[in-house]
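There are two complexes below, and they share chain A, which is joined by chain B in the first and by chain C in the second.
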Partner chain A sequence: MHRLFVLPTILINAVIIVIPALFTVALAFFRWDGISAPVFVGMANFHALWGDRVFWTALGNNIIWTALFLTVPIGIGLVVATMLLVARRGAMFFQVIYFLPMVIATVVLARVWQGMIYSPISGVNGMLQRMGFPTLDPLTQPSTALYGIATVDLWHWWGFLCVIFFAALRQVPQEQIESARIEGASFWQMMRYVLLPGIRPTITLMMIMTVIWSFLVFDFVYILTQGGPAFSSEVLSTLAYRSAFYDLAVGKAAAVAVVISVFGLAATAFYIRVQGREFEQ
Partner chain B sequence: MKRRTFIMTGTALGATMPFARIARADGAISWWYETATPEQQGIIARDIVEPFNAAHPGETLAIDYRGDQLDNQLRIAMLSGTGPDIVYTAGPAYVAPMAHAGQLLELDDFAAQFGWNDRILPVFLEMGRYDGKLYALPKTYETLGLFYNASLLAEHGWTPPATIEEMETLADAMLEAGILPFASGNAQWRGNNEHYVSLALNSIAGPENVYKALKGELPWTAAPFVAAITRLNDWWQKGYFGPNYFSISTEQMVVELAAGRAGMMPSGTWQFENIPTYFTGDGPEAGFVGFPSLAGAGDPIFPLGVGSTFSIAASSQNAGGAAAVIDYVFSDDAYSRLNTDWQGEWNMPLADLSGVTLGDGVLPLYTQAMQVLAQSVSENEYGYTTWTFLPPATDSFLINGIEEVWLGRRTVEDYLQELDDTFRQEMGEGKVPAVPAR
Partner chain C sequence: MKLIESRATLVLTYAALVFLLLVTLFPLALLLLNALKPSAQIVANPLAWPEAFRWDNFTRAWSDARFGRTMLNSATLAGLTIVLVCATSSLTAYVLARRKIRSWKILTFYLLGTTTAPIQLFLFPLYFGFARLGLVNSVVAVSFVYTALWSPFAVMLLRTYFLAVPKELEEAALIDGATPWQVFTRVMLPIVSPGILTVALIIGLYSWNEFLIALTFLQRADSNTAVVSFLLLSGQYSSDWGEIMAAALLLTLPVIVLFILLQRRFIEGMAGGSVKG
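Let's look at the complex of A and B:
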């Protein structure tokens, strides 16, 4: 009887995850415009991706994005969360401030940065240019577009990690922290030998999720540059979206989605393995 | 992947079906519309829904606003046979595959019943045909041309250009005077890129060559197209589009033009919506001419564009009611009302505008431009916009690939080669929209 309790979850998962996922995998082997009947083409969509320079640019950008998000926000989040732990005064206030960008809609944040900060017409950038500073809108240069978008996403993301890490740090036994202090540990020694080992499972989880989320990144890229200029900020999900809804090449889009899922599944498998090991210990 | 999969394949299906069934369950004629502001929704209610319902007792028109997801939702709903009665597609490129898939109703009987064959410009009826049968009517037609700041030109003693060469001379003079030649940009809508490609193809390569290429009789790599895209690239490299092209939105283009920071604006007739907002009473005056052709090549060419079309779903349970709605939209009464309240968006291709009466507040420049356009179309002096006549993947590459040319990442020849390859593939798959004979 108790097994019935899992039935709703299984049903929901089957309907909104498993069945669409299986359909997507199947569609990757078809040519389909989303309107007429699909035509089976075997591996042709994957062959087409292999020879598509935009696909490789997008994959490279996803890898750069992952590297950025595995380092910058996690680093800032850890340092600031530790500082909040050490200097407790105002911790609540700063948590709210840091978390605030997370509760604002993505499209609003993106438009604010695009129109009020980066824009050479209506933004801070334009004001600086009129004052004689040779600034550029990073979204308009192929060499900087991806980093311009990442800056916006990092700004809105690191506070979330900071709050998560701060919550985890508060679970580190107080005795360990006190003994380290009595032993004369410096701030960095405290981090290296007491705090970071204490919240390692949380850091691992956040890093695994960062890998998965980085291969799913879509909203900020699509709103700010739509993958341009000249495909320079294209990522796999914007490529899939453009293929499905502009090129009407749903099969190719599904093939891109399968590639995205491979990275997500690899990260998930790695996490499950790490978790299994920790559980055994 | 899971979330993306859900969005791509599941949400639209799940979201549209219940609403579609509800819309039909109440007996109303359903029509899903795209994004419209509250003010625009008010115009539609006042100028279409209320007059139609009043004139057709027993019928009720219900318009459902689906925003910018209309296209995605419509395609999924049509697949499952639960779409609206009136199928409002994103353009002729969608009509052929939908007709091929049996999702649309043939309109020839309705055309005969309501007299559409006489009332609508023939070229537009041709664009809605598939396999010789009529499946769609264009909601509105549009064209590209050259807006300019007339006050700025007068101040400097410049005149609107009549040829490409004159336009280049004027643009060079503007650059020297510290004025941006082209108010242009693609922030928020990369599709703006294709307006400039469309103009170059039609005004430099010429509409006859574009027609041949669309029919597959001339490759897109042919010399006239190389010359056209090379010239467009030259304009970019000379700075006609300015350093902030990728930062400027469609509406900001008009702001730059009205402020006199830019002198000309190659754009579409939809910009007439924005002109009264920024070219106000005591301020600068706006001008509009056809985009010039090469010296000796004749009059300006107006590339013809159809942004959206009307069809009737094959599964409609009230096809007669849906046809009556479409018929009303193509009436003199609806044309007069809509073009008085909302210029640039409801330019239905009526063959005879003598029964149309526009309100006093309509911009004379708009009326004049539309008359010139209707005259050019009736005399077969028109070109082809890429978003209307190219199949989807070719058009998508044309938009995105031109940036690679402008930014020096690809040659003109490579760009046109990939464009041609994509076009040939889609032509083989039967995705090229109908192209009316010249």
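Let's look at the complex of A and C:
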């Protein structure tokens, strides 16, 4: 009887995710335009990727992205969460505002940044230029496009981490904090020896999720630059998308998807181990 | 808890917090401000107060982005997805929380695993499969895709609500001769309804804002969601930023109002779902 209860979830999940995912893995070894019959080509798609400069740029960008998001937003989130703990009064109000960008559609946020801030015509950037500052639109420069996108993502993202860390910090046992205070711990010692170790599981989990999400990043890149200029801000997910739907090279797209998954796999294993432990209780 | 007494530290802390508040709100303030301005005034100075309020930005945005049609599509899609996710996930969450089946552990790991799968890993065969079956441009088909994507999240969140229900309630009902189905619908569901409401809110929000799947599967003009028609508008008329910001505001306002009214639920649902597991 209870087996029937879980059937709808499993069925939908299998039909939409698992079966097509298996097809993708198989397609990575075929040449296919999405219409005619697929042709088996062995490792040719992967060989082609190996020699493709755009692929390496995209992979590099995903790694930069991961490094950036493992440090900056987690750092800001932790510091601000502690500041909320110190401030106490108004903490709830601050955290609601910090969280606000998370509920707004990425398309909207991307267009606001693009048109109102970065744009040399309609944005704050253009105003600065007219006032004589030598600012550039970061999205149009190959060397800065990725960071221009990352700034937008980071701006909308850190508040989420801050809220999570703040919630975790409030769970740190009161006695530990009291006894540290009685022994005369300074604020930084408190951070280092009581608060941070107290929320270590949460930090670990967020770092694992960051690695996974960093290899999935798509929306902001696709909307802001489409991977340009000259593929300088291409990431693996936009490369796969473009290959499949613009170039109709579904086999190549599948190969890229497999690469993304391989990178996420180690992190996923950690994630399941960490989360699974909680289920045992 | 009191961490520091020093007044200077407290002042500095508040200064930093307010600074970040302004950083967070600045782009959103620009959105609000420029939605009311004529394009020429935005180009002159995006920071200036509107000289004359241009309410027609909104009417033009509404018709150019075809929001009458596309917002209806978005709402239908969100509604269908909410019903599907809540119905299927509450069943699964109950079974997993109470370990009703022997394979509960494998199923849990399986669901956790699929949450981390990149969309691109299943998108391409799914798209070409849907195309062959004539399911592209079908809002119903997309609601099933969303259900598959987000039900693991919903299951994990609802599971914690089911865990909080005392076992005795269930046992008492069983002794009185209730079937498993009756136990679930009559005893469990009413108690976890706050959890289901939270899930419904979050799923509705995700569905309203979702970009990649909607862009790929709902291409025909009359099946676009509001997010996609906004993207098309901002690409086409890219010079009229007043109109684009007005459209952005129309798209965002319902979400912000809901968020402000029900902030606790949103934050607990979105942050809790990924923390507690």
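The rule we apply is simple: the second predicted complex is superposed on the first by the 259 of 281 C-alpha atoms of A that agree within 3 Å, B and C clash if a C-alpha of one lies under 4 Å from a C-alpha of the other, contacts with A are read in each partner's own complex, and residues count from 1 in each chain.
Keep in mind that, in the parts below, a contact is a pair of C-beta atoms (placed from the backbone, for glycine too) under 8 Å apart; a residue touches a chain by one contact, two chains touch by 3 or more.
Just so you know, these numbers come straight off a predicted model, no measurement behind them.
When both complexes are superposed on chain A, chain B and chain C end up clashing with one another. Of the two partner chains placed by superposition, only chain B is touched by A:Ala230; chain C is not. Within the superposed three-chain model, A:Leu139 lies in touch with chain B and out of touch with chain C [touch as defined at top]. Looking at the shared chain after the overlay, A:Ala240 reaches both chain B and chain C. By the document's definition of touching, neither partner reaches A:Leu49: not chain B, not chain C. In the superposition on chain A, A:Ala81 contacts neither chain B nor chain C.
Once chain A of one complex is fitted onto chain A of the other, the partner contacts of A:Ile121 extend to both chain B and chain C.
In the superposition on chain A, contact of A:Gly276 is made with chain C only, not with chain B. In the superposition on chain A, A:Thr24 makes contact with both chain B and chain C. Number of chain A residues touched is higher for C, counting chain B against chain C.
With both structures placed on the common chain, the touch criterion links A:Asp219 to chain C but leaves chain B unconnected.
Between chain C and chain B, the overlap after aligning on chain A sits in one stretch of 81-89, 99-107 or 135-143, namely 135-143. Counting contacts by the rule stated earlier, residues 16-17, 20-21, 23-24, 27, 34, 121-122, 215-216, 218, 237, 240-241, 244-245, 253-254, 257-258, 260-261, 264 of chain A appear in both its interface with chain B and its interface with chain C. Of all the residues in chain A, the ones that touch chain B in their complex are 16-17, 20-21, 23-24, 27, 33-37, 114, 118-122, 137, 139-140, 142, 215-216, 218, 225-231, 237, 240-242, 244-249, 253-254, 257-258, 260-261, 264-265. On chain B, the positions that touch chain A within their shared complex are 1-6, 8-10, 71-72, 75-76, 78-79, 94, 97-98, 100-101, 103, 186-188, 190, 243-248, 252, 255-256, 392-393, 395-397, 400, 403-404, 406-407, 409, 429, 431.
Partner chain C is touched in their complex by these residues of chain A: 1-3, 5-6, 8-10, 12-13, 15-21, 23-24, 27, 34, 80, 83-88, 90, 94-109, 111-113, 115-117, 121-124, 126-127, 155, 159-160, 163-164, 167-168, 174, 177, 187, 190, 202, 205, 209, 212, 215-216, 218-219, 222-223, 236-237, 240-241, 244-245, 250, 253-254, 256-258, 260-261, 264, 267-268, 271-272, 275-276, 278-279.
Those residues of chain C that touch chain A in the complex are listed here as 1, 3-4, 9-10, 13-14, 16-17, 20-21, 23-25, 27-28, 30-31, 34, 39, 42-43, 45-47, 84, 87-89, 91-92, 94-96, 100-101, 105, 107-114, 116-129, 131, 144-145, 147-149, 151-152, 155, 179-181, 184, 205, 208-209, 211-212, 216, 227, 230-231, 234, 241, 244-245, 248, 251-252, 255-256, 259-260, 263, 266-267, 270-272, 274-277.
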